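Per-chain residue numbering starts at 1, and chain names A, B, C and D are given in the order in which the chains are listed.
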Amino acid sequence: MTTTPTVLALHTQAPGYADHKADHLARLHKIEGQVRGISRMVTGDRYCIDVLTQISAATRALQEVALGLLDDHVRSCVTDAARTDATQAEEKFEELTGALRRTLRL
Amino acid sequence: MTTTPTVLALHTQAPGYADHKADHLARLHKIEGQVRGISRMVTGDRYCIDVLTQISAATRALQEVALGLLDDHVRSCVTDAARTDATQAEEKFEELTGALRRTLRL
Amino acid sequence: MTTTPTVLALHTQAPGYADHKADHLARLHKIEGQVRGISRMVTGDRYCIDVLTQISAATRALQEVALGLLDDHVRSCVTDAARTDATQAEEKFEELTGALRRTLRL
Amino acid sequence: MTTTPTVLALHTQAPGYADHKADHLARLHKIEGQVRGISRMVTGDRYCIDVLTQISAATRALQEVALGLLDDHVRSCVTDAARTDATQAEEKFEELTGALRRTLRL
């Protein structure tokens, strides 16, 4: 997960989600706490169904972050490329479809 | 998320997932690290699509824990109730369907 | 999708969903009509977003049928095996986990 | 599901998926056949797990059509609006997020 300067240079300095960065981070920190809470439930031998309910909540919260990032990405990266460079736009469209495919688990 | 003795008394002392507790905890700790890694990516302005790929991986990992717990739960809690007490069995069937509904987001 | 007598002999004559057969069939016929309606929308050049809304509804309806069948299956086939034969029960547990995995697309 | 001329007039004559219309229709006709096949399985008292396997396949196929339509929609409708009209673009972004939310069942 190390980021090389070369890779960064391929993209913009500010990511598509720059305007919502604090919001995404707040959600992710909450999800980290939810997952830690699920571990504590398992450690404490809590009832299976109660653990499953919390896993559903954490899963949904993670997917909400994904939805927010997809929205940000279309509004900035994809749209910017579509306005300026047909080749780059095609690359963005294919990349987005791949991300949607993984998010939908297809 | 505090567990009262009363609630625990309604269920068995050992949860349905007792035999796989260490495995579930190992997976959950890994997922907690994945979510922390996603926060670091957002903090570091990493590209939207790369963040989305990691969110897909963490989501899938969480759903794998849910699948393991569902398997444990049917093998122990549901089956035990079905063998001994028709009323309790009915309660377990309804509870399971509720958990599946939430896991499938229906 | 042809059913050989040999395969049927491995299972009970009446399926786990016998009591809800009419209900499942009514839902499936409705879903078939929904899919036909989506085709008509595409034929009629209807707006992408409206077509997507109907696909979401049909997908959810299909998953509701899956949830109903899973409930029926646990209540009958899995429970019956668990009450009578440890080896057959193990087979049913594994089969159920496989079906859940496919339903959750893991 | 009737289409009034007024509604059509609000959108372009050719939908975003015009280039893949035949492909989407072929997939939808196949899915309609899959759902009909599932009904036949239920009518024929086929084993729950086998019915569930076919429901998973039909669900995945429906979601593949959704993914194709989302791809088409971003490439045409969203991009066109983003190139020409900021107000209409905003509307398209919000509409897309709503469609993604329903497709992800959030």
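Remarks
Throughout what follows, a contact is a pair of C-beta atoms (placed from the backbone, for glycine too) under 8 Å apart; a residue touches a chain by one contact, two chains touch by 3 or more.
Model, not experiment: these values are computed from the prediction.
Using mean Cα coordinates as chain centres, the one most removed from chain B is D. At the interface between chain A and chain B, two copies of one sequence, more than half of the residue numbers in use are shared by both copies. For the pair chain A and chain D, the distance between C-alpha centroids works out to 23 Å. Chain B and chain D have Cα centroids separated by 31 Å. Chain A and chain B, compared by their mean Cα positions, are separated by 21 Å. Of all residues in chain D, those that touch two or more other chains are 60, 63, 66, 70, 96, 103, 105-106.
Considering their complex, residues 1, 3, 7-8, 11, 13-18, 21, 24-25, 28-29, 31-32, 35-49, 51-56, 58-60, 62-63, 65-66, 69-70, 72-73, 77, 95-96, 98-99, 102-103, 105 of chain D touch chain C. Of all residues in chain B, only 60, 63-64, 66-67, 70-71, 74-75, 78-79, 82-83, 89, 93, 96-97, 100-101, 103-104, 106 touch chain C in the complex they form. By the touch rule above, chain C contacts chain A in their complex via residues 105-106.
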